[in-house]
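First chain written, first letter: the chains are A, B, C, D, E, F, G and H, and each begins at residue 1.
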């Protein structure tokens, strides 16, 4: 059943050479290949071998799409919402994962809970999405507010952005797990990949 | 957008009288009404007022379905998997929530990670589900194993069943958040309602 | 400098007799007397001795106001906001404390973060307050949203209302300490008294 | 309602170029601009563009005050108390924030709980303040002692100064949240900005 | 080397019969016998068998002193300081332990950190003690303040008196371990026995 | 009883010179010598002095076997199972310890819980082992699954491989301690040495 | 491979009727049946149905041995060591499990770390065991001391016996996981069953 | 009452220049001066200014003793016990503090809990000390064993030496706070200074 799924390399504990070796091998098998958590050095190494690989420095991803790549669904889309500049890398990881899965997403990057007019300004567009990913650090309250305004599945992604009692993301995570809003599920801290992957599966239900 | 959604009462901190009052009021409005975390006393109180309400003692739920109730989807179903007798109340809360949302589910109640043949014995049936809910206490490993064998969205529900370092469910939760399997999202400890609600939304995507 | 302050009895670890003894003694000194965390038994005991004492069963408080009691300020007011029925006892403790301090408050009891229209419905009235107290359990997100819409000091009070990873209020507390909104300070879990006292001091600055 | 408030840049996760870009842009709009958590490199970058910006290396802040800047209140003042050299950066962040808000503060920097005569030596001056900020690491006991000697609002700021079981400030925070003194509220660890901002709002009540 | 030490029974997990059996047996051996954490039922049981045993209901102790009992030292004394009524049981456990060890103590029971004048009112008497035990719940700040005013060994005893983030005494403990004062050592939460025992050993150095 | 046991040096907090000094000294006594947690620099230093020492860079070990070295048992073997590349260093530490103890092991390195067919592909070979060591990071579920399929003692080794809520291995540890499988015992996070040593002792029972 | 293993019922969350039902059913299949964590009520219920079942009230176990029961090994034995009366229930659970597995154990019940002569008094007997189980609450130090004196596998069982910072057994567990002694592995808090089961498997290696 | 006490500088967050400045200033006042947690750079800086200052690189201390320095007591001594090389820095900090206080100590550096013969080999010498300091990382069990063998006050110092679940010393600390031995008190993790200071005060009782 792995048909229609990208091959994914978790780059976090691998050397540039290891990543490049695996990446290139999978490319020669004509598959969609995604690598996450890649350092600039690893990206250089891979792109030397596979010039068609697309590097996203913000999200720390590398994506190779073979000729046979095509969108699995052109009418449904995933909304990716986040608040501040610091959360964008996690949002980007989710977005590139969605692309690797063959789906489409739309980004909403300046939506903060303490400046709620920005959310309302884009609410209609947000409500037109079929699945939502909400990325938030600090108090992690955004999924609760958004969740109360939509009726589609919402995946909340806590980030490690914060300080002091933020405890590297534990605060955002706890907040999301205890949301008053219905329809919210949660993934690990900074796990943009996991959110993008699960959201894509939801589009296929 | 609350059209097509049940009214839900969270019974945990309410008196039997309070629950019965709200429940009855919503029934008179001809809505689907679900109450969770209801004590036997509250159930008696409600059923006295609303004899058509269905009480599930295991899941601690009360459900009222008006004449207008109908299934929203008859071809797709949600699988609800759990391991031991102790996790069943959480699974039941999820199942009654799914019914309240107008969807269909199938139960798999004797699937344990340390007796994996029981999983394989039912794998085909499990793989035919469109969304999965996996309820687990103890080490919380079941979602990882199941998640590796399916390609639909999987909602993992940690339970408070365990002792010592189980920390009232924290261990199961942490385990699920760190799963190696892709496509898994998580809800709060013992939150069968949240899992059933989110799974139902996924069927509607 | 204790002039203009009530005498306060923390009832949590005292017997009805102990509370009644101290309470009565202070009453005979013609002072405003406030007791918090009083059980129904303690309330009965006190009211037997001091029939003028006002018992608030929801907030678990007893208040005695001598003839000399008068409001310290009639133009400024404190807004007390909370979401659900379960948080009301903490809000009540704050409100009775404010009354004991000689100040005025206004309550907003049905303001939830996942049903944000209820906040906007009362926003103007909320914005007319001089200091705000926001009481919240679960994900503790309400202070962030309210804080972004006002420019007065806001005291956030986490409550122990929740389950599972709520950790008896730790989640709400952490959320509030990490708020994106400016002007927010925090007190201990369920500490309605502390919030009411500090808010009253702010009115006197 | 943002009239009368500085624009604030949280420098922690931004490059010198990003900070300088935003800072300069806001300066051209003739606003008071405050940046916190700025590295020496970012300070150099900003001051190259905006020579009138005042850099405080201890507090890691940058402040620009336009011609229109004026004090909002000249009779009330905020006292900023801290114990040791290591806590001074947090105190400085609070003080510069107060200046950015258009208010006045007075510093008390050598006030330790284990050398309490130093507190009494300055008590009268401290009691003349209208709001107090007390910054403390280690056991975080100073707000309790000061709080018992004054009757104005007191904002306690835990710092990350300590070792071993200090847990990067958690100990100081917990201590402050559990204070016996009335009128104390708390902000996040090392959050001098938050304390200065809230204290300024209190002066405006 | 057990000469000169009482026999001690930790009553916490024993039945009244077990405690009475052991207690009586040791009494027949003509030893000083101390039992801690005894329920009223256990006390009744023991006193039935050993009428000379002295029961302290507040401290939950039972003490039997044989004819041969005598004070080991009549010139040195241990000061036992605590703040509120709720901490007194722990202070009492320490005091009875000191008596069992053959030493003398003096109590100071109304010394709070947020009402520091009460400390100064008795400072000279406190400074005349040879070893100090300071018992405190809530923010646990008293040992820091007292420690700064004396130059004898000070044993800090955190208590479980508090609520919310007090975490059953963890906050008081952490505060004491991080004290700025020199000469302070700490025992387990509510461990009055341990403090009394160690203080007595210090008198014998 | 130290006969038949290697001398072990824990290299973590020692300088290359210290390690080389001790290592060489033990070699001159004709003993089996094992050093763990050795940096490349320490390895170079030791191998300069003792060229016969075998350095395993992956497991960070150094092993010297004297002429008298011989296997203690040639019919029984320990299986060492792990999932991903990142866990291999811990598995290697266990394996070299087993060799130092004079026993034999067999490695199974690509056995993941979310790709369970890889486990079944090698199950017979795994079931032929007399003791098992299962090394796992992330959700730490592998010991539960393997433990359900074998009936020999199984030592579970949690690793620090993971991120976010993995908490540097705490999640894997908790998961293993709460396993549903019988016959599983656990060692400290990343403690390959401890697992290899205990497994060797089990072969000798 | 379940041949030669008892059937085990975990009684913790089951009603007396449920336990009795399962127990009786297994007995009719002529198997060794062990139930753990049984309340007195459940024991009465089971013994009513199965009079041959042996109830151990201390260890909260029920054991039924069929005619075919026989010891698997008569030359090797497991030593079960514990310190105080409060730890005995956990030791008993281990011992009955060992009996159910068909093995033999010897108990050492008064071995405390702070009275080490009692350990030495029985050391030779302890050293004659083939596997050791060491049960300890409080600081959990006993496995370290014993482990340094023997060279057989040692299973450490932390118990929940303690108070304050004992954190219901977490302290004992952490202590055991960080032991300096080699050859020690650990099970969950109060898990006598798990220790007895694993020790029995070790005898069969 | 500061007569007879050294001046102490906590070097942890100060620049070499700051330390040297304060150190030199105090030297000119003819006082005993102790600085702890000094880097090699700070030591060089201070010794440049004050050549008579004695630098202990292991303990990271600097000590200056004026002409008037003399021992306060020549008959009593403090024993300082620790297990491994890694704990020695903390032991050294304690020892230099004792010297600064004008007291005498004796070191016992190779006393491990898992090699208990080394303790017994020196027991008589240890029992001749008047106060004991026991420094231990890992499972922190040494104070329990030693405490059971002596009858003088014992100060336990947990260290941050360990890995994985050692949690930077929390495990050793918890173990010590829960000791079964009587007469043990505890200081913060790695706080050799605090232990040496308190032990010195005990000699003066």
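To be clear about the criterion, contacts are C-beta pairs under 8 Å (C-beta built on N, C-alpha and C of every residue); 3 or more make two chains touch, one makes a residue touch a chain.
Values in this document were obtained by computation on a predicted structure and should not be read as measured data.
**Student:** Just tell me the minimum hop count from chain B to chain F, counting one hop per pair of touching chains.
**Tutor:** 1
**Student:** Using direct touches as single steps, what is the fewest number of steps from chain D over to chain G?
**Tutor:** Shortest path length, in steps: 2.
**Student:** More than half of B-F's contact pairs recur, by residue number, in one of B-C, D-E or A-D. Which one?
**Tutor:** Copy of the B-F interface among the listed pairs: D-E.
**Student:** Could you find the chain whose CA centre sits the greatest distance from that of chain H?
**Tutor:** For chain H, the chain whose C-alpha mean is farthest off is B.
**Student:** Would you say F-G or B-C is joined by more C-beta pairs in contact?
**Tutor:** By the number of C-beta pairs in contact, the winner is F-G.
**Student:** Roughly how many whole angstrom separate the Cα centroids of chain E and chain G?
**Tutor:** 36
**Student:** Taking the mean of the CA coordinates per chain, how far is chain C from chain G in Å?
**Tutor:** Here chain C and chain G have centroids separated by 51 Å.
**Student:** Please compute the C-alpha centroid of chain E, do the same for chain H, then give the distance between them in whole Å.
**Tutor:** Result: the chain centres lie 27 Å from each other.
**Student:** Two-or-more-chain contact residues of chain H, please, as numbers and ranges.
**Tutor:** If we look for residues of chain H contacting two or more partner chains, we find 164-166, 170, 173, 177-178, 182, 188.
**Student:** Give every touching pair of chains, nothing left out.
**Tutor:** Touching chain pairs, listed by label, are A-B, A-C, A-D, A-F, B-C, B-F, B-G, C-D, C-E, D-E, D-H, E-G, E-H, F-G, F-H, G-H.
**Student:** Of all residues in chain G, which touch chain B in the complex?
**Tutor:** 12-14, 18, 158, 160, 168-170, 173, 188-191
**Student:** Under the touch definition given earlier, write down the residues of chain D that touch chain C in their complex.
**Tutor:** Against chain C, the touching part of chain D is residues 1-2, 5, 8, 76, 130-131, 150-153, 155, 173, 177-178, 182-188, 194-195, 197-198, 201-205.
**Student:** Any idea which chain B residues touch chain G in the complex?
**Tutor:** 85-86, 161, 163-166
**Student:** Show which residues of chain A lie in contact with chain C when the two form their complex.
**Tutor:** 83, 112-116, 138-141, 144-145, 147-149, 162, 164-167, 170-172, 174-182
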